[in-house]
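In the part that follows, the structures are each spelled out as structure tokens.
Across the two complexes that follow, chain A remains constant while its partner is chain B and subsequently chain C.
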Partner chain A sequence: MTLELFRIDDRLIHGQVVVGWGQPCALGFLVLVDDEVAGSEWEQELYRMGVPPEMDVYFDSVAGAARRLEGYRADRRTGMLLTGDIGTMRRLVAAAPGIRAVMVGGIHHKPGREARLRYVFLTADEEDQLRALAADGVAVTAQDVPQAAALPLEELLRGDGTG
Partner chain B sequence: MSDAPVAIVAGHGSFAEGIRSAVEQIAGRGDCFVAVSNAGLGPGEIEARLREALSSSGARLIFTDLPAGSCTIAARRLQKADPGLVVVTGAALPTVLAYACGGDVAKAAEQGRAALTVLEGPK
Partner chain C sequence: MTAPAIARPPADALALPWRVRAAMLVRMLGIQGAWNYETMMGNGVAFALEPALRLLPGGKGGDRYRRAMARHSGYFNAHPYLAALAVGALARAELDGVPEAQIDRFRVAAPGPLGSVGDRLVWAGWVPFCSAVALLAFGLGATPWGVVLLFLAAYNVLHIGLRVWGLHAGWTHGLRMAQALANPVLREGPAHVARATAFVAGIALPVAAQGIIGPGRAVLGGVLAAVSAGAVLVTVLHGRIEGWRLATLVLAAFVLYTMVR
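Moving on, here comes the complex of A and B:
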């Protein structure tokens, strides 16, 4: 296996990631890509706190992750890369060609966002950014947990928050 | 009857309300707890919800369900600004119930750990 899951999730490392995905997919490592977290030991300790010792966590900036992506891919364990927002994932995709699929795992309510799924709320600009990712050849789906079906982008954008 | 100061219980789905209602049913002390759920909330909103619960209740203690959970992350962020705040993670009913009945968080955590048991059937 390798780094094969690229997830946008505003909660970053949390229960769904560590337990929901971590156990059934036997995740061996997580890569948290966030420029702010990459520069803060306190933030890193916060996110590392609840991760089981057998799961490694790497913290990287967008530029660093783009440089090290091939190294993460060469890892024989199954891994998941996380960004906290769509813009960060777009910057990574632009800087590191070869990312073919991205899942929206959780973007929660904020003023200005509309509900698309019970775990995805988007502004018009965020919807355009997801369309732009798809136009760049990235398969964009929405999926919170592994047991749920991965919804294609068109279905996500048609949602009214009840799905 | 204990005088356990009010505390927050926070977690996924209906975990917190379930714990609160179970404590009420067992010991009549559901009023010791304010329940907060992370359902549908982003990280900033979870933190705001916890801050609001602390402020309105005067609580200085937060029980959370999962060590890696978003409620725990939010509680730890609040603790950074307020080091006197106590966070107990991995909380389940025995721990929270022991706190409600005794008011001592360290003893409650011990009792919670001791209660976790695998019971096998007769061989």
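Moving on, here comes the complex of A and C:
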């Protein structure tokens, strides 16, 4: 087992991650990559309380995660890496080659975003960033929980918010 | 980059009048009443906070009141019961005059951990436990109404308890809410509840099957074998199929069986 899942989710650590993915995939650790959270002790303390005692959570900046990615991959437990937005994941992919698949787990409504799925709202710029990720050879899918089918990027971008 | 630390709430802060607390508690029962995919329970959070926001300088309709209502009506997605912690913490932060930027950052960071803790404790822990207890009561001969009332009573002990405790703990700790989430019931509780559920369900399933079939009938052995096979199947399929799909499949198989026998 290793760091297997790379997820974009603006809620970062929450029930779908810890229960929805954590239990069936037997996740042993989470890597939360966010430059602001990496420098904020109170936010780290809050997120740490969101994971069960038997699961580890590591906080890293994009630069730090890129340096330590091989170490995370060498971990014998199954792990998930989380970023809160597409831009952070793109920077990580650029800084740490070898990330071959990324799932969009949840990007929620903000002014300017259009609904693509019930759990994915995107601006035109964010859609372009996802296309750029795919053009770099990363398989981009949308999937909120393991029981749901992973939707390919083209299907995600064709969505009207009802799927 | 280092974010500013959160200050401890002042000890001499304004007390939250009991009438305001009661109004907030009652409103929290409807926290998902205006749930939608855009703001999730944001409207409900603002609705529950509103009685406390009337205490802001300028009162109801004042500038701070309006800004706070607009802020708290935005996207917020947490567990509906543990959202009480956030409501208490946000009420404290608003009335203590915590900078708006810090409150905004808290509103982004708090929902995930609250959802995670609530999902583990309530949806994945307490609901199956209460269901197993109700099933056991049925197997032991309780009336249908007795079973329903037992389930509702057991379920709501935690449900109402979490909301009351959450509002109080959130108000006490303010934005340092992580201290409240460190409560052993929240940290260690789900593991204990899971073990208790497995124990009670292990007794309840055969007892309930016997209660339905009646003692001494040959079919009892077959039913218990089918229940055991079903338990193995559920364990193998765990995380690969949604519960409602599995329930529909079982129901369809049962209907098919009754038609062909």
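Just so we're on the same page, the second predicted complex is superposed on the first by the 163 of 163 C-alpha atoms of A that agree within 3 Å, B and C clash if a C-alpha of one lies under 4 Å from a C-alpha of the other, contacts with A are read in each partner's own complex, and residues count from 1 in each chain.
Just so we're on the same page, a contact is a pair of C-beta atoms (placed from the backbone, for glycine too) under 8 Å apart; a residue touches a chain by one contact, two chains touch by 3 or more.
No experiment lies behind these values; they were computed from the predicted model shown.
Peer 1: Given the superposition on chain A, are chain B and chain C in a clash or a fit?
Peer 2: Once both complexes are aligned on chain A, chain B and chain C clash.
Peer 1: Taking the superposition as given, does A:Thr2 touch the first partner, chain B, the second, chain C, both, or neither?
Peer 2: After superposing on A, A:Thr2 lies clear of both chain B and chain C.
Peer 1: Which holds for A:Gln23: it touches chain B only (first), chain C only (second), both, or neither?
Peer 2: A:Gln23 contacts chain C only, not chain B.
Peer 1: Applying the touch criterion given at the start, work out whether A:Pro53 contacts chain B, chain C, both or neither, answering first, second, both or neither.
Peer 2: Once the two structures are laid over each other on A, A:Pro53 reaches chain C alone.
Peer 1: Tell me which touches more residues of chain A here: chain C or chain B.
Peer 2: C
Peer 1: Should A:Pro146 be classified as contacting the first partner (chain B), the second (chain C), both, or neither?
Peer 2: The second partner, chain C, only.
Peer 1: So, does A:Gly39 touch the first partner chain B, the second partner chain C, both, or neither?
Peer 2: Second partner only.
Peer 1: Figure out whether A:Gly15 sits in contact with chain B (first) or chain C (second), or with both, or with neither.
Peer 2: both
Peer 1: Kindly list the residues of chain A that each of chain B and chain C touches, one partner per complex.
Peer 2: In the superposed arrangement, which is not itself an observed complex, chain A uses residues 11-15, 17-19, 42, 46-47, 49-51, 108-110, 118-119 for both chain B and chain C.
Peer 1: Taking the touch rule as given, give the residues of chain A at its contact with chain C in the complex, in rising order.
Peer 2: It is residues 11-20, 23-25, 35-43, 45-53, 61, 108-110, 115, 118-119, 121, 146-147, 161 of chain A that touch chain C.
Peer 1: Can you list the chain A residues touching chain B in their complex?
Peer 2: 10-15, 17-19, 42, 46-47, 49-51, 107-110, 118-119
Peer 1: In the complex of these two chains, what residues of chain C are touching chain A?
Peer 2: 1-3, 5-6, 37-40, 75, 77, 79, 105, 109-120, 123-124, 175-178, 181-182, 186-188, 190-191, 238-242
Peer 1: Under the stated contact criterion, what part of chain B meets chain A in this complex?
Peer 2: 12, 40-45, 65-70, 72-73, 76-77, 80, 89
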